[in-house]
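The structure that follows is given in the form of structure tokens.
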């Protein structure tokens, strides 16, 4: 789960991490009011979108005065950054920066722990630094039961800074940042740039925080910060029904049990020349209601020309799955061709139950997918002819 | 032979009185696995389908000789359950539960490691040494004993692959589902080495997916250390960047973890990379 | 640092550990008032002394009614238990006990960690159980960074109890007790007996807590619970002056640098037939003021017949020590014979400085101690003759 | 040869800008110890009597090759200082500071152990391999190189014993003051084994005192594992029960830790137990 920079900064405030106060604005008027209210002179305007690379895209600008602020706010609001439309901006005092740094805590798959990552090359895309000058990036793994004692924070701070005054400020910030990570079950807490202002103060000029979805049950105050996009709403709806769903732009609607098998199904559709309309993992049961709900979801996408149902019957036997499908399709009327592939335990019995139905059946995954791709191409033609 | 588990493995089921725990405890027992005890705090002294239930793992170790644990407890309690098992002297802990907070599994894994215990999972289907022991939620009947080791990040995709193998008469020594979470226990490299060391494993099937760089790391390891043939399928070639595909593990992030990079790395390491799972049996037979 | 049972129970209350409410009383009247105020029927009266074995000594008794309470309170107040005079008693409701257990957290030298110790044989002297039935005592070491997670508390609780209701109560108590240990820097937290009442409730019927003197600087609220005996006052005074001092009952006053050497000096005095009047470690400096203070302390003990100064000059050279002694003894007038033994760096120069003074000097420890014992015996005779 | 430290040992002094740290850093340097750096957070870049000062131990390891640390920081900061040294890769940490809270040293020791570092102390005088390296607060001039190893819980009593040895012409391979606190790092058993393994140590002097049962444990270990002659003096035979004698360690508690029990155990283990320290040199010469 991601949150906006301004929300991250609110959390920084709560955990005592020094950042720059600002105001979230949804219009040029609000931005001008904020400018006056905060008593700003030079101001920074930052697009609030849940994606990286804002700076490169022109979503972060400095306004020298009130007039410039109005122009910049107008230009950034409504901007499209990697498909995200900017509906709000953060207006804050521009800081006189002496130097920029990078700092983050992140869950590391390989270290199997949280690691602190820091670099004296801040304010740029850290991935580029990592690729070109890996020696300029420092990683320190954190022992989960030990956390970040004074010495470790001091060590990290002294990797970033030479001036003792900066080290002391950074040491305190690092301990608080780790506290924030643990207290909120974050999976990433990133500050880029972390700056030393010309007056010698350490400031978090950005705040990027991702949270562990699995832990949100115990962080209700964090969970409520989440603002799903319409696309994510659809995925969350699906999740509430026990599905894992991702909308794509193709023509073959997929219904598969298991995430890996669902991905493999998509891969094979492409391999055979078709296009998957979605990723849909319906999980492991043969409950007909689940199939009905899944079909509704698939058929709500008007691009879908064919539905491919790919089920591996393991613990749930194929005959039970077939019966579930039959019950479900008694409730659903559709002209869209449906290809069903059932394999696994009791597969013969399952396929026999489907004999004489309008469904196209197949024994292997390859066969099923070939058929679905073929049908989607034919359907295409029909649609074009109509 | 097989790796990690065999017919002497004595299993305790943590969370045996839950729906999934009870169901799969019975399935495992039916398969022939030595399920010696179940744990359900507060229900010690009762019986779950003929399996004695204890309040603590310690009791199952002392009284029934349990050496391996499978965990079905709800996600909020997994950290404590893993630590309890490791503290009690359990040496292999298989965690089926999904949705475990990452910081919990980091702590639990660290503790278990310090106590000398191995973890598989969380969010995994478990493992099986066909004909000997099934410790997980896999459908036992699709497996057959043999000499191919299987390692997979995915559940049903594993079944698909194994089903193809079994249909073609290629049995499995052990098949391990390592789970799809960002932080998990035993991973490709650990298991590749175990299969390499197992005299009764002749070839290894490795099923990866997008997200993370475990496959790339495995490729480097294969090149340096594995002499047995490795067959690999990677799911998610067509998945769009920055999208979750069922598990949290399946994220393309930071220019790392794409299927293309994984395929290239494995091919360069000498693994036999296939376009579809169904190609694997023929390839194994050819070699 | 030790505290009384009633103070321990107040801490138990603060940390949420269920105990039995009671009142501390310093007279029979106070005890009767407490009896009425608490609305007691059967009451327990417990001597509050900072030593073990109260029960055996008759310092813990049950009163069936108000009259008996008065008699028992009167008998216990003023009692001498291992040299401690009972100046206060705890009056509390007598509990109907179903079973007694032992539980403690203690710093263990060998495990080099805190260990939980528990036994189903509570209410008795646990050392006896340990000696006769070691298998009935269970020890669980605690990892310092991990502490006592649920499972560990449950494990310990299930070693003590069979009934799930008791296990759940004990699990919570154990976690709180460890919290108390860590939060207060205790070195021992012991409950003996820990009981299950006839109504099924888990209760801490005793509370023995020792604290780590070294950590009291960060636990001021605990430190102020300490009530030193007059003897301890003297030792604390000495400590404030940089000495380590223990009063004994002998005739040879000792002033030594270093605790081990001081103990060895005492041992040799006994070996040669004398009696040490004290243990006094003056630490490592040659500061004359320290010597003056130490001499005042020694001479305040009228039993002292001889003073033995045993100094090993290491980093501090013997000539500096000798100069310090001379300066000090310019300020002190005494008829008590003084034996000085100086060894180590620059020992010859040191001893030369003492030539022609009234001090008896010696080269080796054995020689010095023989002389001190001899002088104390002679002095004895003189005193007897006078 | 010697144990633990020799003329190549590179020492960093944690707390070098404090009174004791500065004084003893100079003394050690004067003795010939390779004191390569000092630590004083906030004073990095300065110089303490010719010794470069850094803010962190890491810098002293990276820039000066420090491998051993001696700690003089005030008691409230010892836990952090020990952990910092262990984290930085220091393999031997000598803690001179007294008055360290027990729970702090338990945590610090646990951490250091996990990082593969050894601790001596706290509340100890340090150690010396005469003629090679002095890392502590011992008076170097009373020692002489030789073949007797010394282990002691006490400071000045050690000097007394060593002075007697040196006067009698018996040199020392290494002398270690293990400290008198209830929980400490290397202890009798660890050091007995190191001296047993050191080809240039012929005999071992062990100076114990009342409190705890480390001497009894050492006696059992001597009986089972030590073939070199052990000479022992135990201080506190006449100390009254339940009294502190200078250190917290010197408490007779729970029927264990009395001088009598220790003497009996050591005698039964074949150690040469003496009534006064001055007897030791003659005994060593006799054997």
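Letters A, B, C and D mark the chains as written, and numbering starts fresh at 1 in each.
Throughout what follows, a contact is a pair of C-beta atoms (placed from the backbone, for glycine too) under 8 Å apart; a residue touches a chain by one contact, two chains touch by 3 or more.
Since this is a predicted model, take the numbers as computed values, not measurements.
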{"item": "Chain whose average C-alpha position is farthest from chain D's own", "value": "A"}
{"item": "Separation of mean Cα positions, chain D and chain A [Å, integer]", "value": "56"}
{"item": "Distance between chain centroids, defined by C-alpha means - chain A, chain B (Å)", "value": "27"}
{"item": "Where chain B touches two or more other chains, by residue", "value": "111"}
{"item": "Where chain C touches two or more other chains at once, by residue number", "value": "143, 145-146"}
{"item": "Graph class of chain-chain contacts, one of line, ring, star, complete, other", "value": "other"}
{"item": "Set of all touching chain pairs, with the criterion as stated earlier", "value": "A-B, A-C, A-D, B-C, C-D"}
{"item": "Chain D contact footprint on chain A (complex, rising order)", "value": "146, 149-152, 154-155, 158, 164, 167-168"}
{"item": "Chain B residues within the chain A interface of the complex", "value": "27, 75-76, 99-104, 106-107, 109-111, 137-139, 141-142, 152-160, 163, 180, 182-184, 207, 209-210, 212-214, 217, 233, 235-240, 243-248, 250, 254-255, 259, 275-278"}
{"item": "Chain A to chain B touching residues, read off their complex", "value": "107, 109-110, 112-114, 127, 131, 143-145, 182, 185, 187, 212-215, 217-218, 244, 246, 248, 256-264, 266-271, 276, 279, 281, 312-315, 343-345, 364-366"}
{"item": "Touching residues (chain side chain D, partner chain A) in the complex", "value": "41-42, 44, 55-59, 80-81, 83-84, 87-88, 111"}
{"item": "Partner chain C, residues of chain A touching it in the complex", "value": "143, 145-146"}
